[in-house]
Structure formats: structure tokens, C-alpha cells
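In the two assemblies presented below, subunit A is common to both, partnered first by subunit B and then by subunit C.
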Partner chain A sequence: MITSAWLFLFAIVSEQLQASDTLNVGKAERFTRIGDAVKAAFPGAVIRVLPGFYQESNIIIDKKLHLLGVGFPVIDGNQKDEIFTVVADSVRISGFHLQNCGISFVKDLAGIRVDQGAHCVIENNRLFNTFFGIYLKNARDCVIRDNYVEGLAKDEFSSGNAIHIWYSKNITVEGNTCLQHRDGIYLEFVEFSTIRNNTSEKNLRYGLHFMFSNNDDYRWNVFRNNGAGVAVMFSKNIIMEDNLFEKNWGSNSYGLLLKDITDGEIVRNRFHRNTIGIYGDGANRLRMAHNEFMQNGWALKILGSCYDNQVTANNFLDNTFDVITNATVNNNHYHGNFWSDYTGYDLDRDGVGDVPYKPVKLFSYVTSRVPQAIIILRSPFVDLVNFAEKVMPSLTPQTLEDAAPLMKIIALP
Partner chain B sequence: MLKVLKYSFYDLSRSRWTYAYLLFFLLLTFGLLNFSHDLSKTIISLMNVVLILTPLIGTLFGALYYYNSKEFIDLLLALPLPRRSIFLGKYLGLSLSLSASFVIGILAPMLLFGILSTGLVLNLVILMSTGVLLTFIFTAIAFLVSIRFEHPIRGFGAAIFIWLFLAVIYDGILLLILIWFEHYPLDHFALLMTLFNPVDLSRVLIMLQLDISALMGYTGAVFRKFLGTSLGMSIAYATLLTWIIVPVFAFLWLARRKDF
Partner chain C sequence: MKTMILFAGMLLVASSCSVSPQPIQYGHDNCVQCAMTIMDHRYGTEVVTSTGKAYKFDSVECLVEFLEEHKDGKEQFSLVLVTPFNQPQTLVDARQGHYLRSKDLPSPMGMYLTAFKDESTALSFKEEFGGRVYCWEKLTENFDVFRLKGIEN
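== the complex of A and B ==
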């Protein structure tokens, strides 16, 4: 009994000792290389890396450590391998400037890789030209916060993702900036995770990419100038709120691409100047409400494979086409939106137009069948046929209409 | 020829129609700019007006001017002047005065709103150059038609029909062909077809400049690949010039052979 009490006390004391254990790394310090300090440290130690230039790679962190960069020490991977590989729980890495990892087509080399770790925190780092930036694999309860990840991606085949998460749970990704990679943030088999306040720009493929990831949410992010803003594929229960999708502009670009997803919420997002605001292919049971679609080529492109989506209380402002579909039957519900192209009237003055609005113009329907027809866009002939179709619909899906179009723009929060 | 040109230009610059045309563009551009405060949006809105109106006004004024000054032309014909210089002078005088109204009407408000300090100068140049070219093209067509038809009503009818055909009907036919042959690769065909219509060609030129081409998907890419290069641009402008030269030569030829 007494011995066990002693042992317990000893354990606490040694824990305390270890926790307060700080190792400095720097030119004039005991350790000149981070790798050596990591090897020598006891679990729970803090490794302070002083400002300087360290040419190191393949630093394997196999115990609980706090790596703390002071004044952003530069760690250069010398185009060889990856820099930090974490294979333990509760590791914290912050304040580093990592650059120049190797490029491999066999291994996904990364600036910081977490393999099988839990409770890790990666924050306030700057990563430049690391093939993959931050790579989590089989991780849980981790936080990736306030990192700046910039790549030099030129084409999709030889580039990595800024933040790549695979087979993980309860991850928080917030306040990061992801530039010029293949995908800004990539999630595959990731559950119960939160992506918020990130900025994802100039990525070749997607700003944020979900694959087979269920029950996640992303909020308050900005996706600008990416190949496509966000792609949500083969996923369920994704909450998408308060994001800005902007200038994802190009002949094959989208703000938000929905591919085979069900039961999501798309609320209070802003879609500005995208070629296609939301592209839905096999998207079912989604609720799209209080979004603002402004100056997009197509605000919504909803293919015939989409069922039971609710499009309510959105603002559609100055889009070249509001809605386009290739279906002849409408399986989705449009109700109570504001359409800037609506020309109806409101005799009873209840704020709701008395004539239903048909958001699918004949011409946009034709272009979905014959894409070449787009060359006569803005021709007076197009206005003529659109008008004729409006008066007497014959080709466009007749039930695709907003029976209660609003007369005034909705004030969005 | 220059004398005739000068005379008809001065004559037209005293005409209130010229001023009405100028005033229209001034007010339109000014109004749009005041309304939107966005130069690039204004250029897009102007595009639609320019593509409809400059051909229409060119057509109407061309026919009207020819039939109105018929007696004067007869008088000139009695003088020892080559017919070529009489008709060319008349034509250039009208086209130049219409173009001047158009250019001043758009340029003045744009300069006032500081177009030079934005990156939109090239867009405006393309808009105005296509507008001017369209004016020249449709005035030439109107002259050709007017010389061909002695009777003003017939002449007007034919001129307006040509305008209607190129501005509206042509696109309908093009669309029908595209739908009928939708299973064939039609991008190059569509490109070729736009070359045969000055209005379509002008519109595509402006739209590519305005970067709406992203909306046009693969077809837009084909167009951009062709018209985005300096060679394609040159071909497009050369085609528009051909659209001036051919009718001009045709009406000069008719004028030479006609028994007045």
C-alpha cells in the first residue's frame, strides 16, 4: 500500500518534471539539430527551436512533445523527404516555417504528417512548397489552426493538397490559408469534423473536397479562384453555412459541386461570380435556403439525377441563367425565392408575385442539350424565343417553377 | 471624291438627325454610367444596344439619305465627275458622320467617368471599333440596295429585311441547324457560321473580350483559341472589312452600269 502510494507520487513528480523539461535548439545551444533534440527528449518535453535555418528532414516524433518555433525558424527539407512525421498522441507543433519537401509519386510526402495520432495540435505554421502541406492519417481529435500553406502547383498530377485528412475523426480545421495546391483542404473518410474560417484560393482543383465523409460541417470559409470552390462527393449529412464562393470562374468551374450526396444543409452562403454557382449531380434531400447567388453564369445547374431538394428563400441576382436542368420532369421544390429576372406583378400586395416564375429559360435548356448554341447568347433572337417559351411553355419542364416568387429582395443576415 | 465627301459630311453635320443620334448615345451612356457606376457593366449593356442599333441606324439612314439626295446625285451626275467619286464620297460622308456621332456619344461620358484609369480601355476600343465597322457595313448594304431598287419603298423593305435577317433570323437558322445536327461536332461549324454574319462576329468578339467565354464551355474555348490569337483577331477584323469592301464595290459597280 505504502509502496504503491510512493510509486504514484513518484509518477506525478516525474510527470511534472518531464512536463517542465525544455530543450533549446539553436546554433549556440546544446542541440544544433531538431532531430537530435527530439531523440533525446523525454515524453512531455517542450523543444524550443530558436530562429535560424535548419536543413533537416524526416524528423520522426514518436512521443508526446511540444515543438515550439520561436520567431519562425526555417526548416528546409532540401527537396528530399518529408519534414515532421508524427506517430504519437498529443503532439503539438507550432511556429515553424517549413519549406521544400520532396516530390514523390509513390509516397505522399508532406510538411507535417500525423500518422495514427490523437489530440495533436498543429498551429500557426507557415509551409511553402511542401508537396502535401499537413497530412493527417488515422488521426482523431486533432486541431489544425491558423496555418499558412502555399504551394507551387502547376498541374494536378504532380501536386499535393494543402491540408489532407484521411480516415480521421473529430478534426477541427480553422483559420488556415491554403494556396495553390491541388486541393486546398481534402477530406476522405473523415467524420464529425469542422472546417471553419479558412481561406482557400487559387487551387487547381477544389478549394475544399469531401470524399466519403459523413457528418461534417464547414462554415465561414472563403473559396476564391479555385478550379471549383467546394466539391462534396459521396457524402452524407454535410452542413454548409455562411461560406463565400467567389470567382471560381473558368470553362469548367463551379462554386459548389455536389456529387452523390444526401441530407445536407446549404444555408446563408454567398455565391458570387462563379461560372456555375451550385452544380448538382445526384444530390438528394438537400435544403438550400437564404443563399445569395449573384452574377454567376448559371446560379444552379441541377441535373435530372437530383431529387427532393428544397430551394427556398434565396436571392438570385443578375445571373446569366438562374436555373438549368437537363430533366424534362421536375423533382425538386422551388419556393419563395427572390429572382431579379422576375417580371410578374403583385396585385394583392402581399409581397408574393401572383404569377409563378419559371427559372429555366428555353435558351438555357437548349444550351444544356447543344452546348454550341451558346454562341448566340445575348442575341435578340434568344430573347425572342425565351419570350415565346415564357408565354407558352413547350420544352422546359413545366412544373419547375417558383409558385411564390418574392417581389422584394430578401434581407439576408 | 474628297469634295463630295466633304460636302456631304458638312451637310449631314447640319442635320438634326445626326445630333439626335449623337444625343441618344450620349444620354444612353451617361444614364447607364450614372445608374450602375460600373464601367464594365455599362460596356456590357452598351454591347446589346450597339449590336442592334448601329446596324439598324446604318441601314435606315443609308437608304433614307440615298433616296433623299437622289436629285442632288442626278445633278452631280450631269457634271464631268467620275461616278465612282460621287457615290464613294456620299457613302463615306454618311458613314463617317454616323460613326462620329456614335464614337463621340460613347467616348465622351466614358472619359468623363475615368475609363482611362481602369483596365477596360481595350474592351471599349473593341466595342467602338465593332460599332464603327457595323455602321460602315450596313450603310454600304443600304446603298447597295437603294441603287438596286428605284422605288424607295421597295428599297427600304429590302434594306430592313437584310438587317432583320442578319440581326435576328440568321441566329434562328443557326440555332435550328445546331439542334438538327446536335450529334455531330459542331464547334468549328459554329465558328465558321459566325464569320458569315457581321453582327454575330462582332458580338462574339466583344463577348470574348468581356470574358463571358467561360460560360461558353468547350465552344468558348474553341472560339477563344481561334479569336484569342492575333491571327484569329486579324481574320475576324479582315472578315468585317470584307463585309464593307464587297458591298461597296458592288454598289460602285452597279452605279457605273446603271442608266440614271
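== the complex of A and C ==
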């Protein structure tokens, strides 16, 4: 008798658990709208959303839930408001196709917003035409992984950032694709975070943008065809390794913009075919090593406001100009790089050129003052001027030289 | 002779550049102060010198910093202009403007400064977003404090 009562009780409890454990949303299910299921669910439940088209917005998730899209159900915001707004910890959103958020000029509306959440995971979603894609505000210990975020940004008015993180800590952003937004990934006041294996392409402004963010790193990312590749501004201790900066073309474009930053590492990156590879203004105490600069207009543009940077063991290959500066004295250290334009010799055969290489050509100095002068770039007169300056430096900073230019290209991993 | 002088005078007038606001090309112009592409059309600012040269900025922050760094009087600034938050892409006199500093309105350069054309509009936005409203003089006076201290409202 007692046993059967226990069994009965157990049956009731387990049924309730079952009910609260997984809630299905779909045309023929108990819930037809995701918002209703979210309201009805107990904390810790899984909400399975079956394939279909759901016109919903402003779904507020205020408890620990796992929202799981099965076969990429489409959620259409109908150009109003946000779609998911998370205001709880440990929420997981995966497998959704979100589209058509509202556009507001006062509020930053987003496809998925996490506001003050911790330990949230946003994974494997596709977002189309959401004003801002994934937006984290006052969040910590969250992961944004393997999402595809595509915007329709044609002009700067209607565009937010694909992944926007603000005032957050310990965030991992990995494996995402960010297309056609204002900035691909934007970080403001973000600390101890990792950005890796992302692709950021065709964004109007920057592929990745750090503002007032310290102690972060980004690795193995691709930045291609953006207004400019990456901007690291007003930040400290940023590690930049193994990234590809490619085809960031335009009159004011660059692969990497460094503005007022100190103490970083720029290692093993590839800068291919950018107007300017790295543009440094107020960049101090950085180490640039084992990078490859290939076919850029200017490989490095280092302004006089940059101090104590180490440029060592890099390959400079077929750039129109290797280095340009507006400074008359050199405050940075160039040593042991390979320069494809080096014409010196190595009599003692130790692999190091016997005469220093001066990477700043007089003519690049002229073009920095008079940009239009670039049209005579290939004239013999320019070669003559450059040669004269090489023999008798008068305008270019005398100490800006690589005293140990390598004779052979460095094999980079 | 008289016509000659008149002609020369007219030539002089015509050749001296006119001091007028220049529209900010959002998405193309770079901020003179921070080098960023100016994108947010609610926040662009501008200074026009007495010779008609325009310096463009992406925010109130950069405008104030620029003015502080150019106090030496080498250049005279005839126009100092800001975009009112609720009237994107227009430019109004910064010195007449009022500024809301609210933690719910992040501005491009991280100091939460949003410009309005007049005090009443600024106050109505304060109703919605909270914060404090400053006139131009108070803004520039307190600027260093804003920069060093975070926001707490």
C-alpha cells in the first residue's frame, strides 16, 4: 500500500517535472507563441521551438531558460522593437533564425539583448536585418558563439553593430560571422574578453572596434573589405595575434588603427592589400613581431606621437611604401626585419645586410604632405629624389633605420 | 579708378572664404580629434574658423577636447556647432546648446554627453533618461571632472 502511494506520488512529480522540463512551441503544440511558453515555463526549463514562422517581438526572458530552435524556426520582429531581451542569468539561446528588428534613433534595438546577465550563451543563431545583432550590456561570463549576423547597412543611418558589447567582463566571442553592419564587433568598456575565430566583412566602419577596453585579446580572426579593419582606441594591454587584415581599401582606410593605446602585442598577423597596414597615433610600448605586410599602400604609418614600439622580425613584401612618419626624430625601434625593397649586400654572409635599411622614402614624405603628388609615383624623377635622400638624408628622420635588415625572408608559421 | 577699387574690393570679398557651417559627410569624414569615421548622425559636431575652414568631430567630447587644445589663439573659431540629438544631421550653435549627461545615453566617446538645441528639450529628455543638464559654460568647466570620474546617475 505504502509503496503504491509512493509510486503514485512519484508519477505525479515526474509528470510535473516532465511538463516543466521541456515545453514545445509549434503550430500543433500546447504553445503556439514563444512568448507564452517563456511566461509559463519554470526556471531551468527547455523551450523547444519547432520549425515555422513566428511573428513575435519583445520576448523578455527573466529566468534561467534554454531556448532551443529546432531546424531554425524563423522569428520575425515585423520591424518593431527587439526580439529577445534577456534579463536573467544562465540563459541559453540557440538555433534560431531572427529577422527584422525595429530601427530606433533613440534606443539601440537588437535581435538578442542581454541586459545584466551572467553565464549566458548565445549560440548558433542566424540574424538578418536586425538593427543591432547581439547586444550585451553589463554582462559577464557570457559566450557568443557561431552566430551568423548579416545586416543591410548601406548607409550609416540605418545601421547598428553586429555584435555590440558594453560594460562587460569575461566575454568570449568566437566563430561568428559579421556582415554589413556599422562595426562588426564593437567593445566599449569591456575587460578580460576574448575575440577569436570570427570573420568580419563588408562592415561600413570597422571589422572590430575597441573603445576604452583593457586586457583583451583577439586571435585567428579575418577582417576583410571593411571601411577599416580593426580600430583599437584608448585601450591598454590588448593582445593581437594571428589575424588576417585584408583588402581594407579607401582614402582613409587601414588594416589596423591604433589610437592612444599602450602595452600591446601585435604578433603573427598578416596585412594584405590595405591602403595602410597599421596606422599608429599615440601608440606606445607595443611589440610588433613576425607579421607579414604584403602589397599595402603604406605598410606602417607611425606618427610622431608614438614612442618605444619594437618592430622586429617582420616581413615587408612589395608595399608601395614601407614606413611613413610625420616625425623628424625617431622614437621607435626597427630591427631585424626583412624588407623586399632592400638593395644592400651581405659580404660577411651572416644573413644580415651590411648597410642599414631606411624604410622611409623621401617621396612618401612628400605624399604625406601633398597627397596629390602620388600621381607621379612611378616617374624616374621620384627614383632620383629617393636616391638622393638615401645618400644624404635631409628630411627623413635619420635614426629611423633597420640596422640589421635580413637578407632572406623570414619563414612565418 | 573708382571702379577699379570697387572691382578689387569685390574680388577680395569673393576670394575670402565664407564662414558657414559645412555639412558632415557621415560615413566618410573622419573626426579630426580621434581619427574615427563619423557615423552617428545624432552626435556630429563641427568648428569653422574665421577663414572658413571646417574641423569635424564625431562627438561633443572631441569638440571640447579640440577647443581646449587650440586655446592658443592661432586660429579664430567663428562657429562652434553641435547636432541636437533629436534633430539628426542639423547643426546649431554649441554655446547656446544644452547638454544632458545621462548614463542611459552613451555617446560616441564614452562620456555620456548628448546635445540639445535648448534647455526645454534637454529637460524633456532628462525626464525620460535621467541625468543632469548643463549649459555650454558648465559643460566646459566640468569637462575634466567628467573625463576622470565615471558616471553615477
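General observations
The definition used in the following text is that the second predicted complex is superposed on the first by the 392 of 413 C-alpha atoms of A that agree within 3 Å, B and C clash if a C-alpha of one lies under 4 Å from a C-alpha of the other, contacts with A are read in each partner's own complex, and residues count from 1 in each chain.
Operating definition for what follows: a contact is a pair of C-beta atoms (placed from the backbone, for glycine too) under 8 Å apart; a residue touches a chain by one contact, two chains touch by 3 or more.
The model shown is predicted, which means the values in this text are computed figures rather than measured ones.
Superposition of the two structures on subunit A leaves subunit B and subunit C fitting side by side, clash-free. In the superposed model, A:V382 lies in contact with subunit B only, and not with subunit C. Once the two complexes are overlaid on the shared chain, A:V143 sits clear of subunit B and of subunit C alike. Looking at the shared chain after the overlay, A:I410 reaches neither subunit B nor subunit C.
Rounded to the nearest 10, the angle at the Cα centre of subunit A between the centres of subunit B and subunit C is 80 degrees. Within the superposed three-chain model, A:V121 lies out of touch with both subunit B and subunit C [touch as defined at top].
After overlaying the two complexes on the shared chain, residue contacts for A:R205 are found with subunit C alone; subunit B is out of touch. Overlay on chain A (Cα): least separation between subunit B and subunit C is 11 Å.
Shared interface residues of subunit A (contacting subunit B in one complex, subunit C in the other): 252.
Residues of subunit A that touch subunit C in their complex: 105, 155-157, 166, 182, 188-189, 204-205, 211-212, 227-228, 231, 233-234, 252, 257, 259, 279, 281.
Interface residues of subunit C facing subunit A in the complex, by the touch rule stated above, are 26-27, 30, 34-37, 39-42, 88, 106, 109-110.
The part of subunit A that touches subunit B in the complex is made up of residues 249-253, 275, 297-298, 320, 366, 369-382, 384-385. Those residues of subunit B that touch subunit A in the complex are listed here as 47-48, 52, 167-169, 171-172, 174-175, 178-179, 182, 186-187, 189-191, 194, 200, 203-204, 207, 211-221, 223.
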